[in-house]
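I've put the structures underneath this note.
You will see two complexes here that share chain A, one where it goes with chain B and one where it goes with chain C.
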Partner chain A sequence: MIDRIPSGFHPFVIPFLAGMSFVFLYCILGVVKIIYELSWAERRKLFLSLINPKYIYKNLRDIFLDCLIHVKLWKRNKLLGYMHSSIAFGWFMLIVLGHLEVFLFVPGRINLFYYPIFFNYFVAEDAVTLRGSLLFFLMDFFLVIVLSGIILAMIKRISSRLFGMRRTTRPSVMNNIGLYALWAIFPLRWLAESFTAHISGGSFLTVPANYLFREFLGNDLNMLPTWWAYSIALGVFMFVLPFSRYMHIPAEMLLIPMRNAGLKIRSARKGFARVQVLSCPNCGVCIDACPMTVNRGNVKDCTVYLTRQIRRNNERRIDEISDKCLMCGKCEALCQVGVEGPNLRLMQRATRSYRISPDFRDIDTEPMIAAAQGSKVLYFAGCMSRLTPVIPESVLSVMKKAGVDCTWMDRDDALCCGRPLFTAGRIEEAKQLVAKNEEIIIRSGADTLLVSCPICYKMFLENYHLPGIRVVNYIPYMYDLVKQGRLTLRKSDVCYVYHDPCELGRGCGIYDEPRKLLGRAAAIAEADKNKVESICCGGSLGSLSLNFQQRERMTKAALDNLYTSRADAIATACPLCKATFARYSDRPVHDMAEIIDART
Partner chain B sequence: MKENVVIIGGGVAGMEAAKQLLTLGYNPVIVERSAQLGGHVAGWHKLFPDMSSAQELVKGLRRDIAEANVFLETRLNSLQRTKSVYTVELNNGVRLTSRAVLIASGFELFDASKKEEYGYGVYDHVITNADLEAWMNGREDNRIPAQPQSIGFVHCVGSRDLKAGNSQCSKVCCTTAIKQAIELKERFPEAEVYCFYMDLRLFGKKYEDFYINAQRDFGVHFIRGRVSEVGETIDGRLQIKAEDTLLGKPLKVQLDLLVLMSGMVCNPIAKQLADKIRLQIDSDGFLKSRDNIAAIGESNQPGIFYAGACTGTKTVPETLAEARAAALSIHTYLMNQ
Partner chain C sequence: MTDFGFHLSKSSQLDLSRVDRERLNRLYELEPGARICMTCGSCGATCMAAPYSGMSVRKMLLHIERGLDVKPLLSKCMLCGKCTMVCPRGINTRNLILNVCKLYD
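This part shows the complex of A and B:
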């Protein structure tokens, strides 16, 4: 292999070079800006993780598996997985192998940025290298892989349903330019390499094409225009990248180390939030995931449109989208990149200022502390259980049967756990309630806080500091009692379908215990969508602006999903889910506590 | 031979219509799914505003329609139209043909257990308006204490409640609550009686007088504000939390009995019928009249007529008047055919 062009340069590389330099500069400035936006503690955390071998390994592994191989996507949808990994990994391998070729055959050119990309133009085959050698074969092989991915991408654009996506995002202008440039890059590369294959050599894809073209065209006049076109396509893609969804490619490589370092979204737009927004690939998985999009409604309120509007600084739409969300967390759970849609919204809500703010600091907790004292187990039912008095009644009855001495903390006067204020973005007010409740719980003398409402449970777990006190949800607690033999369940013939409440399932990761516990008391059927894909009942406190009619449609859609199980009755573990479903359900809706109480 | 007119539902609407149709020379056939005629009214004790007996009203109607054909404990298997004739098949094998069908399927009481926060079916001393009427008619009910000290009424249970899926006002519950409050006060003069309302809609003849009587002569307490929650104290009494919106203060009251004024929702049978012969359902969930002002008793299908609470919430006198009107409409329709 020898250098064919003595100068090692041709003007056609300029579009690529310009584009690449632009992206490089943009990304470096972007990283500097984002690092600057982090707090001192966050920066320290990030930098310490970047020099820790454990984190280095984890970051590299995650970047390789998520960004190149798209393992998560494979697990969810093989066709989409193949499409993405063929383009990403194939392209990556073309770049790596290109560098290897330069390194092996023309090591003097390794310092030239563009050389590996346009290698086949600049070299000529000599007697030393073998035609169709391994590297040439691999280059053609990965080009085929990428081209197959591009063909799939084109088919997907025509019919996303073939790929299992009911709805997909409407591309913006910049996304379309980027898309067509990306589609053009690889066929052009194939053409360009084919036109020069009789000079530079090639393999099974480029050599036959070269014979074919020369047979038809009879000259080499097409060689330069295709190399120009290839370079221009690359250049266009690079220039559009920062302003299109393809920004997720570099952004995700920053997102992964930041997430691994334990950074949290603390601002609506800056720092880690900015990385999250830029990492959104606009794939639209969140559209099908979102419970609000039933009957084609509210599509433009999904996370993919939130990130798009944040990038456009459309304040009115950002506010609307942030307020509407039910905060069920399904978009985040199903997002391949892990964009934290609910947290972005929460921080947006937290930017508001209210003219009137309640002040809870003067509440006298002494009577509540007195009422909470007396047992080692303190039971908190939560405000929502006022709508479903059966739940606390049943929990207490079960505890009595199991011989657990238990005091009902909010039987009479009680304070809210703070979660509704918290999800509304009124974090300071929520903290006042948290402080009051912490005082009551700690001074009650209890060592266990038993919580039946998953909304409160999540709040207690994540936002309370209760040293020495075990915070436990009633489902695992009851399951433990059953395992210890303190509760004996009689199995009934009724078949239940268990609905995973958002806050308990996706919120706290409790999926198995309810099924195990219910399995001892009744027969179980599963709904079409369950566990992490469970559909919000529509009653969520998370939304600040959805009206009843819209919620009703969501509740009915969630019920239709539960009906697919053909179960006789619905079991759930959240007072709000129960109250919401009971309004429209054609079959009984029971809380887990009721079922367990009835079968002991 | 006299011409058949099939009447679906043997409540006061169906009976009154049958009575009029008999007079007009038809052969009304009542199809009733329960074991007796009279519908909801047969389960009630006294009717406002004159405290007349519900039983006497039903008895009188039963006497008047002695000559009519009545199928009790019977349901419709099918209802079909061929040209201008309806064929009705009953589950006892009887097949009827009729050129006109009157739907008088009435309402169903809102299931108070759907408003779980009021504790119906959860706590021992929570009953509905219909339970109270049945008790006053002599049915045993151990949820009602022998000597209650304080009694509460919750208005608008499942009425005017979007969360319960019903936006309509049930019309009669305000006055029924006042009537029942007076009746309980008469039986238990020592008891304090509280009515928790959001509005009092006392539109009918003498209803306002009734309200004044309840306050002035019986000392019933009217509190504007909905009950937010019902709990049970350790000694088994009910404790309710509400807000007095006129005073702007939250309040807690302990009660021995809580009566929920369950509202009216359309009888699900009406919806099944609507599916069979393509009748329209109005936005409130009741059957849709051809015109809500000029033709409330007529449907969008020729030969199908409506009377009573199948088209919306009604009082007894309204229902009776509609039944009479429907009989006349049917007569005119059949004469002109």
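This part shows the complex of A and C:
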């Protein structure tokens, strides 16, 4: 292999060079800006992780598996997984092998960073070697892989249903330009390399094409224009990259180390949040996932549109999107990149200013403390349970049967756990309630806090500081009682379908215990979408702006999903789910506590 | 003396000129549900803040429509959403409360 162009340069590389330099500069400035936006502690955390071998290994592994191979996508949808990894990994291999070729055959040119990209134009094959043919074979092989991915991408644009997606995003102008440039790059590369293959050599894909073209065209006049076109396609792609969804390629490489370093979203736009927003490739998985999009409604309020509007600084839409969400967490759970849709919205909600703010500091907690004292187990039912009094009654009855001495903390006067205020973005006000409740719980003298509402449970777990007190959800607690033999269940032949409440399932990761417990009391059937994919009942306090009619549609859709199990009755573990479902369900809706109470 | 809960009402007057129509219309725009309250009182019966500030969505709306101060009422609302759950008119009371907090002081 020898250098064919003595100067090692041709003007056609300029579009690529310009685009590449632009992206490079843009990313460097972006990283500086983002690092600057981090707090001092976050910066320290990030830098320390970057020099820690354990984290370095983890970062590299995650970048390889998530950005190149797209393992998470493979697990969810094989075809989409293949499409993405063939383009990403194939392209990556073309770049790596291109460098290897330069390194092996024309090592003097390794400092020219366009060389590996346009290698075939600049070299001539002087002798056929095994090494050369192997590399050429690999180059053609990965080009085929990428081309197959591109063809799939084109098919997906025409019919996303073939890929198991009911709805996909509507691309914006910049995304479209980027998309067409990306589609053009690889066919053009194939053409350019094919036109040059009789000089530079090639393999199974380029050599036959070269014969064919030269047979038909009889000259080499097409060679240079195709190289120009290839370079221009690359240049265009690079220039639109920062303004399109393709920004996710560089952004994700920053997202992964930041997430591994344990950074949290602290603002809706800055620092880690900005990286998350830029990392969204607009794959559209969150559209089908979102319970709000039932009957094609609210599609533009999904997380993918949130990231898009944040990038466009469209304040009106950002506010609307932030307020509507049920905060059910499904988009985040299914997102391949890990965009925290609900947290981004929470931070946006927290930026609101109000002229009236509640103030709970002067509420006298002494009577509540007195009422909470007396047992080692303190039971908190939550305000929502006042609309479903059968839940606390059943919990207390079960505890009595098991011989657990417990005191009901919020039987009379009580304060909310603070989660509704918290999810509305009124975080400071929520903290006042947290402080009040902490005082009551700690001074009650109990060592266990038993909670039957998953909304409160999540709040107690994540936002309360209760030293020496075990916070437990009633489901695992009851299951333990059953395992210890303190409760004996008689199995009925009613068949239940268990609805995973968002806050208990995705929110706290409790999926198995309810099923095990229920399995001892009744027959179980599973719904089509369950566990991590469970559909919010539509009653969630997370949403601020959804009205009654819109919620009704969501509740009915969630019920339809539960009906797919053909069970006789619905079991759930959340007072809000029970109240919401009971409104429209054509079969009985029971809380787990009721079922257990009836079967002991 | 034993208090039986009966007493003479203090003489009271409503100064409707204090009603800020413009702000009220803005509120109706932000939460159309504010117009369809039938003052049934379900929200007050379940309100978590009632023992502390006498809050109820019904009272809050009536106060606004009569030009009275709503700040003390709202000072203990925990946004718990029980009023939304029980409202027979399906009013999004939490959105209403948040918008009142934004518009009024």
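Convention: the second predicted complex is superposed on the first by the 595 of 600 C-alpha atoms of A that agree within 3 Å, B and C clash if a C-alpha of one lies under 4 Å from a C-alpha of the other, contacts with A are read in each partner's own complex, and residues count from 1 in each chain.
The rule we apply is simple: a residue touches a chain if its C-beta (ideal position, glycine included) is under 8 Å from a C-beta of that chain, and two chains touch if they have at least 3 such contacts.
In this text the structure is predicted, and so the values were computed from the model without any measurement.
When the two complexes are overlaid on their common chain A, residue A:F360 makes contact with chain C while staying clear of chain B. By the document's definition of touching, of the two partners only chain C reaches A:R352; chain B does not.
In the superposed model, A:D447 lies in contact with neither chain B nor chain C.
Applying the stated contact rule after C-alpha superposition, one finds that A:D126 touches neither chain B nor chain C. Contact with chain C, but none with chain B, is seen for A:L546 once the two complexes are overlaid on the shared chain.
In the superposition on chain A, A:E462 makes contact with neither chain B nor chain C.
Counting the residues of chain A that each partner touches, chain B and chain C differ, and the larger count belongs to C. Once the two complexes are laid over each other on the shared chain, residue contacts for A:D405 go to neither chain B nor chain C. Contact with chain B, but none with chain C, is seen for A:E393 once the two complexes are overlaid on the shared chain. Put simply, chain A uses residues 386-387, 548, 579 to touch chain B in one complex and chain C in the other. Residues 386-390, 393, 411-412, 548, 552, 578-579, 582-584 of chain A are the ones that touch chain B when the two sit in their complex. Of all residues in chain C, only 33, 46, 48, 51-52, 70-71, 74-82, 85-86, 90-92, 94-95, 98, 100-105 touch chain A in the complex they form.
Against chain C, in their complex, chain A makes its touches with residues 323, 352-360, 363, 383-384, 386-387, 413-416, 418, 420-421, 424, 426, 433, 539, 541, 544-549, 576, 579.
The part of chain B that touches chain A in the complex is made up of residues 114, 116-117, 119, 122-123, 162-165, 228-232, 239.
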